[in-house]
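Following are the structures in question.
Okay, so subunit A shows up in both of these, paired with subunit B first and subunit C after.
Let's turn to the complex of A and B:
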């Protein structure tokens, strides 16, 4: 690859991605592309019932089927790997449950893995799955939050005594009762977020190869973080960490799904260990849609205390989260939803009650902006308040958004709002969309029977957010080192799966150190050399890893200049590194290539020619806590045209005005924003993980679970605001999740505005044509 | 109860042209073209995203027509010409389309990439100067979960010469 030497900085430029030449020529390496000698293939026999006791598993015929090497049922697997212990730590009232890697006593959702077949080919493994006979005793399914709270239905986990997983637990911030007493009126709404899911184009995948002679397990994983995957596998397999190496190469998307290790992935590792041969499992799309995990199903009862002037004084929120069958992430996300509920608004009090239930549905997993319900509920409530008061929704936002010059500049839940630009983003969005002009056009077109609507949503995201006093220790580590050829190696725990970290981290390090982009190699995805850290997620990359790389490169540069100064008998201040060379007036010939300099430093160090105390170890391990940084956030605005005859929604305009600090690579940033908005468009107009009343899953193919296509996603306009720079060095902020956080409420608000002449009230997020026809009374619900 | 005799089936000999080269192989009747390309010819650039013909990641050209290789049996491709993503670059030189896609930051995770490239190459072969609407229509059977499509559409338009690539590289 040819990369020109920059006259200016790489940081801030839409440098082409170093990943792409490989991916564009079909030379990527995803787990399914790796074949090892002696490799076996896994397939799972899965429950067709949502809730059923497993009485017996007959695997004899499958064991003798052609090409089958082994069949493991739940009882056998229980001897090979520990059950998953799901701790509900966030709530003292939470119940603890544990469950087998394969089904031991009962199946708890459609697709629950009952047995694992390992065979010489995937086709033969799938053939043999068909020969497994399972005796089931069906139990009444628990398919909804309401059913989970029904004491007459059977408990999914006996140890819970019912299907409530945790709560209700109430936390109160500020004087809620006082605020409601002062309110001119109380606006109430029941708001629901529907179940939908990540659907990365590459499903889950694992290739486990156990070496019986060394006792080492090498795992090729499709993951967002190799360390997290290793820790979970080690725990379930009862292996010391140093016996386990997890490697990840290309990862075909994830959006929150691929953290740690799933039960199927643990089972494949256990099988490889038992058989002493490599075992590969590539999830198919049916499995991905049915059992990989689903997200977002939450119900809210909200009361807002408001003044006649449109000030929102306080909220009372009661939330129930549907954690699905095997609770993992759901109880953890509740804390973030509660803390972020006020967003950038001047709310003076909040009461937040949360509880969680288990149901016979896929496990609740993280999905891009997992806590996004706070933005959805708040931004929908703002519009409902505006509607009730007869004030424009943008105006209600303006009256309630915090301004930077007011004190105390913090959310009622605690976090500082230092540096927020929410208000600026709203004003700018309203200006770009010409709100007054639009409203005039809307009025005119309504007379002709066309229903246009405009919607806004304003949000902030802790990516990482301003440094909080007494906040939790939260650092990211990067290790920067120079190799003998003068390449700068940047080791990070971040695990890119589409974000282009190999490019963007190199941009930051190259600028700071003074080398060309092609002299930087970003090293990811191998527990043998990857620094500790959980991986890519939580829009963590830009500020946390970017900052660690910047400071690490700066420190290593200082070391190199110090050592060079000793060798050349010059002062470090007379030296510089630029374009991959040591330069300075005192440098012989004016310049010295880095590779040569490194050789001389190495030689001098080994022959004792450097004065004592000179650090000739050309590595720097850098921890970074995000610095002062700040919030990522902004305002989205959407204009829709709703056809009352068909219920079809056409997006006429989609605008993002946002602030994610300084941009490392604008094209990468815009790609993250547009990708997130596209998922938000899918969530509102197309996507839903549907279960029937009996807990059967109905969205198990891409013909039933509809993803947005190139005809569904319009041009998305983006304007970046100039950020308030709170940190002297690092003002990049994460941008991965914002698009998906803000788009659903923006689109729902626009649709609600469009169909308001019908007296329709939008209290949900999924608005496909049939639902819109119901809401406007064209068809009955 | 299914037939307990399920298992390996009789092998069929096939011969086909892949990226200009004559290739042959022995396949089961049920082996898909995608699996044959990936597992036997080690052409792993063709990806399997759904195996039910919806996502388009496995799109290849079969006798010049864009085709879901997950829905075609390898045996029925006997005697056909197949072009995969590996055949787009010639002599180590990216095609104009690949270069434009790179310049335009078209893709993110790369999993859907081969299908889009083949589908777009097919469009440009038929219609060298498509409008944006024609590009969006032609690509509407291919799913990308990362990008929101705008960068992909821009890449195809840039390859068609209609628009400046979006990517800037500091000079």
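Let's turn to the complex of A and C:
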């Protein structure tokens, strides 16, 4: 079942990451490591109230505090940077709202930035923040989806007229009513995903350095894509793109958080421009947990039309998403949730109603597998159907999963299912855990008062997904060039922040071009030379950037061989590039180092010795759309032991059987899967962004927001399936998100199975010990 | 609160070379000075600006405050002895299984390599392990001040409330003394926390003295379930030692559950903590009983 790795190729081998020595010995360069002459430090005075009018901001005392260079309030900032305009297109109410970079009229969440202090050190800036007096007029907080829909509570945005941000909008695929009419029964559930969040090791960070003499703004950013950050900064600052250069070096994680430019980051750029000095802001952990952004808070009402034989014919889904205080990513993710709802299942029909609300909580942001609710809801529903019909959950999955190359060939929502290996993954996972044997052991142990459970979840993820016929061109660009020393430079808009792109992209390019790995340099993170592209996200790297590097290296190799053939008066077919040298029987001495060859091509081109039409520009710019198929996926399986006296959950086994196409670097792939599963374990057992009824945020330190540590994450077994290769060249697929998509439903299904003898029904994703005891009736809720 | 900083507020810092010098600084500080030992609680509180002392008196350079010693009366643990040093100390390992067992629940080794046993007692976090252990072991703390010299404070009188002790602002605890364990006593520390190393949702320190199959003495203290740990004995639980150990422990668990007033927070409801108090009390007593040596026999399981 292991994917065979061709010998003597970098691609497919667990090559050691070129990043590791530097990063693990503390030699990385994060924004906080950069010191510039005259650099100032920013701190924000933030609202303690979730919802309040700002009547006056008194900054006089802070301005005169030691080390303070400037203090900006919302009104001043409004003169320095445009408000953020957010267009929520699908809203029936128009939905166009705008808001200041700093709070102008109204604070909309705890931590909303009201004033910016710029000082000689961060500590002095914080001291001065304490001296700022703000007159607030408190408004009733809107803390929940229910409160957002209550017309008696004040609107967070006056222009919305209420707190509904968009929807409800219903889309119907297939004959939903017909399917429900044919069903033997309807299984209903209200399923909820709790709010949790991205907690990268490095929070948001920016160092803005404006040069008054040139009018250039140089920004060092912690970002998932320098082009997107530059575009957003230019828009907010009213600067032409060519005055702005965004550079990113090492980025300490993100998981979807660091796209574009946040309000704080815009404010620091505006301050640097106003002061003519570098201004740095390093988000601290309180800020990261409270205001950087949160995710996943979605509620679902689901009805499943089911036959007595366990076929799930159709779903009716009503979803409400809690966008938090500002319209951001929430309206965008809903479309993907709807489209992916059927997953790899032969669903005949789907009715999907979505709406979104604003509340006085942190703004919804993308978090690893942002649309994961579709997998959570669907995989939980499969188990609820199984429970109701008395059929094993694995069996219900098997009866409903689509079979490759058999009808239906697409999801009822449209995307092609070509190349999926979902059934194979489920069968293999059940085989590895010896499902029948486990069930026997489970029965035996229950008699002794021990409660074991097994859970499965099967999913596919667009990585980057199948080609959309008639859709917009969606490609990733890579520029491959040779420098004079014979190094292959691979420029990509991908922005590594933990994924090891500098290694994996080099592996692909080295193999295709014929150089050693150490002759390849992957160049990222500088708008002066980075190709166009929004950055890392949407599992685009492996298939799209990997494919573009492969085809780009191939084209450049062709060019080099062509030019070499001209110089040496040989046929290109007689030549090869291997180990960083031009080789071939006709090559003088049998081999010619690339650096030497490049020098000769260059000389020949400049002295007009190459025939007309020979392309001596040793650069190839390549776009690639990811090729065919584009699904990653698999089945996760988890075995848990639940202590009914304490509610503690022990994970006895965690297994991943997955298919992300051809592996570029198995160790990197396994690392991505394990990291995602760890976050899934965190989501179910530990992590929750808690607000009280008054909208105060309670999880603002790492003693309150609990992340899984190495002691909470068990060994994770991983088996890679042989992929279906639909593309002649590029069958790598993204793997960054799947672990986090599949782990929460897998663990919840396992816990639900363990406590099923108590008649417990699990309709939520967060299951800390106290909640488990409530579910089994040991304590009252 | 208008602002949540994560940088330390301004303060002065002194690291005296002698205890007398340190006591002088504290006395002169007039309540605005704080003693710094391992800093594992105080520094985070400063970062969050929850504590704003004008002066930190760091004890690191004061001689004679480290180490673990044994004399006829029991163990003495100096004020600068870290939890990791205590945990690895042969005397602690041989003489105080309850302390040893509890130390393992405190944070992680990196934290224990800085945090001190005495510092944890003086910090008096209501969810910390060592205050409960000190109560069950009938520990005594030696406090010194410039003007009043030395005094001994029994653990029973030391913990007054959350982060509040009987210590005066000008006093330093120089050591904690743990009396030698009586014969035929078994102990157990049990804790349930959200993650290994976190503060307890509920922790139980228990000591049981047995005579054959009978319980003759029992001491208990819980952590995480109130403003401070309290010592509970057979008398205080209104229990008869004559009952069978199993029913006695079951009864003790229920009695403790009815007695505690645990907090409700984002990690667990008060109801959960109350339930857990019952479960863990019974389990800890049962284990302690099993570990106690019986007259004329070896230690139990």
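Brief remarks on what is shown
In this text, the second predicted complex is superposed on the first by the 767 of 781 C-alpha atoms of A that agree within 3 Å, B and C clash if a C-alpha of one lies under 4 Å from a C-alpha of the other, contacts with A are read in each partner's own complex, and residues count from 1 in each chain.
The working rule: a residue touches a chain if its C-beta (ideal position, glycine included) is under 8 Å from a C-beta of that chain, and two chains touch if they have at least 3 such contacts.
Just so we're clear, the structure is a prediction, and the values are computed from it rather than from any experiment.
By the document's definition of touching, both partners, subunit B and subunit C, reach A:127. Subunit A is touched at more residues by one of its partners, and among subunit B and subunit C that partner is B. In the superposed model, A:716 lies in contact with subunit B only, and not with subunit C. Of the two partner chains placed by superposition, only subunit B is touched by A:16; subunit C is not.
Once the two complexes are overlaid on the shared chain, A:56 sits clear of subunit B and of subunit C alike. In the superposed model, A:686 makes contact with subunit C only, not with subunit B. In the superposition on chain A, A:671 makes contact with subunit B only, while subunit C stays out of contact range.
In the superposition on chain A, contact is made by A:284 with both subunit B and subunit C.
Shared interface residues of subunit A, touching subunit B in one complex and subunit C in the other, are 123, 127, 130, 284-285, 701, 703, 708-709, 711.
Considering their complex, residues 43, 45-46, 48, 111, 122-123, 126-127, 129-130, 132-134, 284-287, 290, 645-648, 686, 688, 690, 698-701, 703-704, 706, 708-709, 711-712, 768-770, 773, 778-780 of subunit A touch subunit C.
The residues of subunit B lying in touch with subunit A in their complex are 2, 4, 6-8, 28, 30, 38-39, 43-52, 54-55, 57, 84-86, 88-89, 94, 98, 101-103, 105, 107-114, 117, 135-137, 139-153, 166-171. On the subunit A side of its complex with subunit B, the touching residues are 3-4, 6-10, 13-17, 19-30, 32-33, 35, 61, 65-67, 123-124, 127, 130-131, 199-202, 250-253, 255, 282, 284-285, 497-500, 667-668, 670-671, 674-679, 701-703, 707-711, 713, 715-716. Across the complex, subunit C meets subunit A through its residues 1-10, 48, 192, 194-199, 201, 266-269, 271-272, 275-276, 279-280.
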